[in-house]
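Take a look at the structures listed below.
You will see chain A twice below: alongside chain B first, and alongside chain C after that.
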Partner chain A sequence: MVMSTQAESSKRFPVDGTAIGDVLFKEKIPVHMKHWLFAMGTTPFILFPIQIITGLMLAFYFIPSPELAYESVRHITQDVQLGFWIRGIHHWAANLMIISIFLHMMRVYFTQAYRKPRELNWIFGFILLGLTMTISFTGYSLTYNQLSYWAATVGSNMVGEVPLIGNLLLAWLRGGSDVGTNTLTRFYTLHVWVLPILITIMIALHIIVLRGHGISQPEGFPKESYNFFPGHMYKIVIVGLFLLSLLSLLAVILPPGIGDKADPVNTPLHIQPEWYFFAVFLFLKWVPLSVGLFIVGLVILVIVFWPFLEPLLSKKESQRALISYLLGSVAILTLIVFTLIETFTN
Partner chain B sequence: METDQAEKRTRREFLRRMGVFGALILAMGAFLRQLLVFFSPSMKKTPTHKFLVAKVDEVPLGQAKEITIQGKPVFVVHLESGFKVFSGVCTHLGCIVKWEPNNDRFYCPCHKGVFNREGDVMEGPPPRPLDEFVVELDENLVFIQVADKRKGPWS
Partner chain C sequence: MKEINAQQWLIGIFSVLLIASLMVVSIVEVRKTQDFAKEIDMDKNTAECVRCHRAEHVAVKQIDAWEESIHAEMAIGCLDCHAAEESDFDAQRCPESDVLIGRHPTPGDCKECHEQQVNEFTNSKHAHQFWLFKNEDRSVFETPLGTRHGCEQCHNIGNIWPDGTVGECDVCHAKHSFSLEVARQPETCGECHVGPDHPHIEIYLESKHGNIFKAKGRDWDMDYYTTNNESIPIEAPVCVTCHMDGNEKQPMTHNVSDRLAVESQAPWSFRTVWDEENSGDWKVKRERMTSICTSCHAPDFVDMYMLTADLVNLQYNEMRRNFVYWTKKLTATGVIDRLQADGKFYSDPVLNGWDETPEKMMYYTWHHEGRRFRHGAEMMGADYTQWHGIWEMQHDMAEMLAWAAEHGDKEAEEWVNCNHPSKFIPYALYDIPGNEWGIPTKLNTTPFVYSYPDYWDRVKSNVEAAWKHGLLTDAQWDLWMERYDNRDYYLGLQFKDDPKVNELWEMYKERNRIDTEAFNEQAIGLKLPGKPFYKK
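Showing the complex of A and B:
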């Protein structure tokens, strides 16, 4: 009786649930994944849906126009029931997403999980970092306070420095010669449609490639595995619950402010981007803009193609590992030191 | 694979599963509740209180009577068009205005702000007219609606 109902209904809804369940829940997870260090990649994967949900909620109240953007953010933060909380979660989840992607990248780098045949997934991951930083940039530009307005002006001006097509790109991005109504609607469309869709596609590719290869096994762990469900699922649920609590806590004790309303004829004395752009921002203060952007572009290319460059370092495996450890440590230290200098000297 | 399904579900495993997924369901429920609250527009009306401020025959036409409500001065003005009630707090920087019957005006001594008996700014720095209360006439009595002050422990 039960079987026949199932058979009958699967005629109407011709999808094999058990096959999908097997793919989703019976993945073999290597035992090293029991260490929390390896749960870093799950974090942005949980934070992204939280951003979608809270972002959707904010979109019910936010109005992307120069006259009303700031006022609607103020309205959300001060008038709407739990508005400060939803906005706070959206703000903090964006920050945590950047942090967790950095940490995940560091884990992948130092366990050399990008090595053949996983070079492509390293590149997909890096594209996800780029998209996340872009969506953060377009996001905080929407609040239309002094800092976000001038960050949008300075940030989009950098696009103008791209050789040959810079000015065209700048005009496309701003929808005019200055940051204004068209810029706001463009940033809004990018922030709520284009970038989330691109990120969703990239996450799907990232996970499909990951599942295709199987999770890379670092040295020094037994070659055993366990089912995704329930053991690993517990871990993901616990990470999710921890993140929700942390976000709620941050939203309550460190709520984002609304700042001063954007004034296009008045640049404030101290302008700074969000902290994750500090290192680049500081570097660009030291060198001429075109030289700086050239070097930043070069560094990005080296990181993107690192899985292909690393084998060229040395033929000896131990030497390769040593050099990439050193280079990685220097890069991370530089990033941290630059960020700290910018934090404490401005 | 077969052994997994055949594996006897122990009490410990059952409790663990209930704990983890129970917490998840609770958290999602609480989160959903917050989303609903955020989505619902606030329908709360500011609670107001009716205050008796004057008797109609007590204030001659063109004159004002000063009283104090909740520690702040309030002026009841009798105009041709009826009664108007203004807050006595100057809209410039919060000093208390005076009614000058001979000059037919409200005068703020701090920065020489001048308002006419309709509450409009005539001279000086005040950015907007005097704040006005909602007036209700009930036969011979003049009432105003005053928003209740709600004081939390932190305000």
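Showing the complex of A and C:
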């Protein structure tokens, strides 16, 4: 009876569920993945749907106009039942998403998982980092308080410094000379439509390529494997539950405030972009702008094309590894130190 | 394996470093969003005052309060209010900086920016030092020191300053935040409008208005302006809503006398004539008040409410007339003496006295109980109208007459020995058929006075006389007459024998019988066997 029901329904819905299940759950996972260090890519993957759900809930109340954006965020935070909690989770999941992408990139970098034939997936990953930073930037600006208004101004100013097309990009992004009504509706559209769709596409590509190649196996681990389900699946569930608890805790203990309402005519003494731009922002303050932009652009290019550059470092494997460890360590330490300096000197 | 170890160490160390440092950064950043630091644009002088006061720990909380004020937001600094010239009455040099400052900013200083508000206030009775115009030297009964932090603290609201201005704005607008929220809080008015002589805060809290305020007021944002003819933004009124705030029809005013039609605090209630040339007569003032009332209430409810309160004021006068008769008579016959020294009197038979019972009764029935009777009726304080009001007045009348009888007054003796229940109503009566709350059915079947067949005609002639004397408006007289003509309906007498009513009445009558039986049995019927200890 059951069989026949299944057969009958598959006639109406001609999709082979068993095959899909096999692809999803019977993937062979190398044994090194049992190590917790290798679960860091899962983190942003779990956080993204949390952002979609909490973002949808916030969108029920948020109104993207200069007159009402701040008031609607205040309404969400102070009046709507559990509004502060949903907003807190959305805020902290965005922060954790960026931190976890950094961690995942670092793990991939040090285990040299970007090497041939996985160069493209490294680039996809870097694009995902860029998209995540952009979606966070646009989202933060929507709160329309003094901090976020001026962060949007500084952040979009940085876009304006891009050679040749900077001014055009800036005008397109702001929809005028200053951050205002058009900027808000543009940021809103980018934040709730364009960027989530792009990120979804990129995540799909990232995973398709990952699955196509199979998960890279670091040297020195036994060449054994196990099924994705149940072992690894449970690990993802545990990470997910841990993240939900952490997010809820952060949302309650450190809820994002609403600040003072944006005042376009009153520039605060210290204006900053969001913290994930701090390192670049600080560097640009220290050196002449054109030199700074050139160097930042160069560093981005080096990171993007690192899988192709790394083989050029040395022919000897051990030397290549040593140099890349050193460079990676310097880069991470610079990121941390610069970010901390900008945080605590302003 | 060495390779794996190195990788794991690197990943492990940098994971911890990245998580720790970036979480710290994001926590610092989220904390910034929780601050509501206002951008304060301080001029050089203000910055110096603030720096020094903070360093020396002098009145620093006043600076905190100022920083959250609209003054700070608008860059109105210390010297904008505290500036002084050498010749100013309150000029003093700051001991640290030698800067010349005015110690007491007066309404003259506030007026530089708030001219309309100060002018309105100056024309209000808040600014009137009425208590100094009559022979009421308190030092006879209360030593001067008692008045320093007593009478003077509240009555300073009408202080006439050496610079020729009047008032004290920060009595309501607490310095230095000058918060509207604080000014609008009923307890701000209740700092002075409290206690046995004018328990306005207590009356308010007893009323339905205060009841709703206590239940929901904590969620109300009281920081609003009513200067733009917008509707009242809170569910129930606080004191200033009726006496000062604006609505769609009424402008906001700092003249609290602008909406009061009766001088019901005075020894005799009378229709106000205060500043008629600027504010209009009492009818105009009453219109102003009712236009606020009708923001929430139906006009006929308001008219009936106000008419009844006005009749209470007129009734008070008749009761007072009786007291005045007695204290004057007892003074004339020498039963009570006036206080005097060097040819000057320090007590007054129609106002106050401090040593003999009729004088004290006279005073209380005006200054305490008489006001509670009238103000309770005006502001929905039922308990103050009755138990703290008319009940106490009647009690004092009986006590005064008993004292007079004891001291040999024949007429008082006659009153004491009289057994007729009408002895407690030795004055003319006002009344109105029914009330604004609804139609009673059995309530009006009991009053003793209704046993007089001409009761309503007597009352009607009194109300008519008051109307003809200009104490009631034509509309009020019409309303009274409409009630009079249909009094069987309003008093519920036409429903008193309705079977539905009687069915319920009988049920409660039966329950009352059971109650009576129970207390007879449980309390009265109990005889204890142990003997009492008192021996005659």
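Just so we're on the same page, the second predicted complex is superposed on the first by the 345 of 346 C-alpha atoms of A that agree within 3 Å, B and C clash if a C-alpha of one lies under 4 Å from a C-alpha of the other, contacts with A are read in each partner's own complex, and residues count from 1 in each chain.
The working rule: contacts are C-beta pairs under 8 Å (C-beta built on N, C-alpha and C of every residue); 3 or more make two chains touch, one makes a residue touch a chain.
In this text, all values refer to a predicted model and were calculated from it rather than measured experimentally.
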Clash or fit (per the criteria above) of chain B with chain C on chain A: clash
Chain B versus chain C as contact partner of A:Ser290, first or second or both or neither: neither
Touched partner set for A:Leu340, first chain B, second chain C, both or neither: second
Greater residue coverage of chain A in the superposed arrangement, chain B or chain C: C
Partner chain in contact with A:Ile332 - chain B first, chain C second, else both or neither: second
Partner chain(s) touched by A:Asp79 [first = chain B, second = chain C, both, neither]: first
A:Arg107 touches, of chain B and chain C: first, second, both or neither? second
Partner chain in contact with A:Gln6 - chain B first, chain C second, else both or neither: neither
First (chain B), second (chain C), both or neither touched by A:Gly257: second
Contacting residues of chain B [partner chain A, same complex]: 1, 4, 16-17, 20-21, 23-24, 27, 31, 34-35, 37-40, 42
Residue numbers on chain A that touch chain B, as the complex places them: 26, 53, 57, 60, 79-83, 85-86, 227, 230, 234, 237-238, 240-241, 244
Chain C to chain A touching residues, read off their complex: 1, 3-4, 6-8, 10-12, 14-15, 17-19, 21-39
Partner chain C, residues of chain A touching it in the complex: 37, 40, 91-92, 95, 98-99, 102-103, 106-107, 110-111, 143, 145, 147, 218-221, 254-260, 263, 266, 268, 274-275, 278, 321, 325, 328-329, 332-333, 336, 339-340, 343-344
